[in-house]
């Protein structure tokens, strides 16, 4: 009786889907992707640095000081983008109850926080010579600082709850609630007049940057993106093993 | 090529501290992340080995 | 008892329970109808509490489905709560309120009106007459449990889910409760319960289910 | 067992207990010596817990005196604590620590050295082998009680004060505990305990005391 | 069935609240919750009458001068419609230039002089090599000359 | 069934019970008052005596203190109900969890936020605030504290059953409180420098409206997770 | 008895256990840090634009925040031990209760006060404090936070078993904290206006010495009452 029920065809799709999303099939797949991403990341970042430090011309306003743009902007972009990605995986986890999805969210957080910190520090280092202040409380800067605090909250919550299942779900709720901050960061310069400059690159308008500068910045950004993917995949693999080793699941096959 | 000599390159038009500071912080942060991650990965491979036995 | 006139079925299909990555039970199937008493057995840590909470809808089953009159309980949501009375390891009473206030609140939660005299009667029956106006904090372990159990006499719900209801009760209270359960089942109610004490409950539709660690 | 070689006497004289202006018991007199088991009976709220806590020195008696080898326990203060093992309604374990860490701490509190292998053996005996490295928060109700009770196997104190030790235990654990109490008493230990469950403890010096509400 | 109705009601209430939020936020854009005020706003009395605040705009061409004491500088801040005189003692940021953006923090004294405690440079979002900037400026100049010439014809 | 209570009366009972429990242990309600008063009075003690400095500090100090005192009482919001099992019972009530949660939030506000609206202006007097500033302080606190209770509820629900909750809640909730603080204190600062506070107030309203929608949803989800 | 442990090792075990429990949930130790950092950053957000105001506020704001963050973690000091019955067991230990309590206090200080001594100067940098001020901040916090833990312990013990502890503790303890705050922040203010801070520091020392004598006694008495 019991056996018959498991063999009914209804669960077919479900099982197949779970197979793709299951940590065990994902583990080797991720393993294959990592070296490619890492190599491309190194190449692109080196090329981007070459463009940014050697090829790109001086800026008419900021002189050589503007070169901070090649790290500040990619870091700032990924601080926001990775948060959204994390929130998306977390939300997906809540909806589909998929463990892998939560693991991805967990794996993204440290890299996102790292980029947030980098954006804050490089921004400050840029602000001192250009604006004349390390820090001001304008909307852009404040909301970016809140982003850092949100990442910290995400870790803290996850560390504080040691039932992994619950920790995942609870921090997913937090990630989703905090996602509201990202559009605020992005549009703050438009909505309020801030000391921080407006967007130089946007989907609507032509970029307000010389082509070489833009090229350097975009290449650095893609490099950072590949770096993020590589790091996140390594971390998610660690996560899979660590979680499963506490149980017997990993040993079963 | 923008630079005539190494000193000029390092000085960055007087913004050396800020520019190199930024690049330094960025890559130091990434390196730190990689180092921590590597330590974790090593611990994990240990587990995998143990469990394979 | 308005509820007990109707026919209800609680069905569990292929239930599977997991706690902290450990499989507790798997492929459980059972069906309860009016008058059934399901008695869960199992050693400490075998997953009885987990199963009971799943049956009330407090936890989601890891796999499988529970349905009430052929509708999945997770779809029924709060609609299902109108039929279930759950008393867990924790008494579910506020220590700052008196026994009567606690009962009034419990009844309000399931949308039932509170009858003061009736409640007083029940508390007297349970030998709590002296403590009527004390905050429950001042009651002993067993007296607190009695307050929680008084709900069984006052509420009019067709499914009882009881997790070790005899804990901390003395002999008198134990036999009172046993009789109440028997009376409820023979009037058409359903009960799911666990206990480590040996209490023999005599009803026609008595089932036992052993969860093994 | 170093302790059990000596002779001890616990005497209660004219004890009187009051909780929140209510007299619970009055003029209680008893004396326990090596090998005695005192079994407190009484309905819910009759004052068993109050008496047990008074015997350990956690509460002061309203009137009367308790003496240990003819010295008043309130004068002995922490000196008396070296002889008493109390397990109350609350398990007295930290949910963040593992079972072993909890036991180590309990032993340290009464100044006893902790033997890791011995403790592991005891936990295995109590069927907790699987949960050895889990924080006790992750254990079920009964498993938590077992961790608390493991102290009975590890500590070497002549007087046990146990408040409903059988609560939440399944049949196996109950019989283990019962045997342990019997063995302890026949080796010369003293036990004061209460329980609502019917557990027959067979020792020569068995006394019953009924507190009536 | 009843539960479903209730849920519908809740959803409607939620949407209503979101609409209110949207209305309020558009309303607040028209008000002056800002990091700095423009001289026009100050003129219109939208800026604080007392206490510290920030003004922002462009440093007017040819307005920067060092006072005789050698410590203070004065310059005019303009938003092309209105201008304000600012006095400041301290080091100016590198990007501080005539014709460029500036944000000054301080207070207005009774004479209408803005006494700044801090001067921050605000630059725009354009990045280009100096040659390109020069060419652009030239082109722009030519264009304005062109259009003014046309106007003259009219 | 003739004995059934209406949705409204069930919800009212939940609200009433929380308030009754709090009043029974009078100290609780008093506590938020006193914390606010004492903490706000600490600042003058710690700073060198300068009346101008004091009145310039006032909006930020009063608002931050109000925020902290609302936050302090958050850990109580669900934890005692969780510990004694009444929270489970509420989740099993015949009303949507979102509404139950909303009532819990309202009760928290009535007990901890609302009193501040009345006390804050009195304390503000000590700091030499003008009557216009005091009025704005009260208005901004009225809207702001409700928002604080709403947002705080998510944090309280997420940390349920976790030990050392007080500090963890702070970390989770304070970043989300920042907009409320900025707009709330901003409104008071605006009047004190002679500006129109409406912009800040309507932004405060926006935050409130959004919190009213999302906070009960988030809290309900978090509670379900905590009880699983 | 050959198996008996020395007084010292029993006390050490009590201290070590508390620290172990805290480290097990790493977040706990981090949490006080983060709370301090986040709360201290709130003040600039609430105040209008004026860098001078900020640096004048700094000593009082930083000291009050340190005080609040020490206080926040107080409710944790005995309550979890009480709830799970380990406190009863500790009172039944073979060591004098005063010493047991002293260990609990030390553990609390190591976990919540000591970290602040290191973080506060970093935050002080944000507020534009000079290096002399930063140094005084660290020294005064070193002596002050231990005093805070000692005094706080009495409050924590008195409120044991009472719900909604957080706020109640605050009310009991904050008035007792005032001298610590006045002398601690006073020392920092002294250097910032170019005066000798030794007077304030030696007063701080006096308070510490008195607290070391009376706080364990008071806490032990309060605990005995709470457990009756």
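All chains are identified by letter, namely A, B, C, D, E, F and G, in their written order; residue positions are counted from 1 within each chain.
The rule is simple: contacts are C-beta pairs under 8 Å (C-beta built on N, C-alpha and C of every residue); 3 or more make two chains touch, one makes a residue touch a chain.
Note that the coordinates shown come from a computational prediction; the quantities given were computed from them, not determined experimentally.
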item: Chain pair with the greatest number of C-beta contact pairs; value: F-G
item: Closest chain to the centre of mass proxy, which here is the mean CA position; value: F
item: CA centroid of chain D to CA centroid of chain F, Å; value: 45
item: Centroid spacing, where centroids are CA-atom means, of chain C and chain F in whole angstrom; value: 36
item: Whole-Å gap separating chain B and chain E, where each centre is the average of the chain's CA atoms; value: 38
item: Where chain D touches two or more other chains at once, by residue number; value: 89, 95-96, 135, 138
item: Touching two or more other chains - residues of chain E; value: 3, 33, 51-53, 118
item: Residues of chain A touching at least two other chains; value: 57-58, 63, 65, 129, 142, 149, 152, 156-157, 160, 162-163, 165
item: Chain F - residues contacting chain G, complex; value: 22, 25, 27-28, 30-32, 34-35, 38-39, 42-48, 50, 53, 56-57, 59-61, 63-64, 67-69, 72-73, 75-76, 80, 83, 162-164, 166-168, 170-171, 174-175, 177-178, 181-182, 184-185, 189, 192-193
item: Footprint of chain C on chain D - complex, ascending; value: 19-20, 42-46, 49, 89, 127, 131, 134, 138-143, 145-146, 164, 167-174, 196-197
item: In the complex with chain E, residue positions of chain A that touch it; value: 57-63, 65-66, 69, 129-133, 136, 138-139, 191-195, 197-200, 208-210, 213
item: Parts of chain C lying in touch with chain F, wherever the complex brings them together; value: 2-3, 56-60, 77-79, 81-82, 84, 86, 88-97, 101, 104-106, 108-113, 135, 156
item: Chain A partner contacts - residues on chain B that touch it in the complex; value: 1-3, 9, 12-15, 18-19, 21-23, 25-26, 29-30, 33-34, 37, 40-41, 44, 47-48, 51
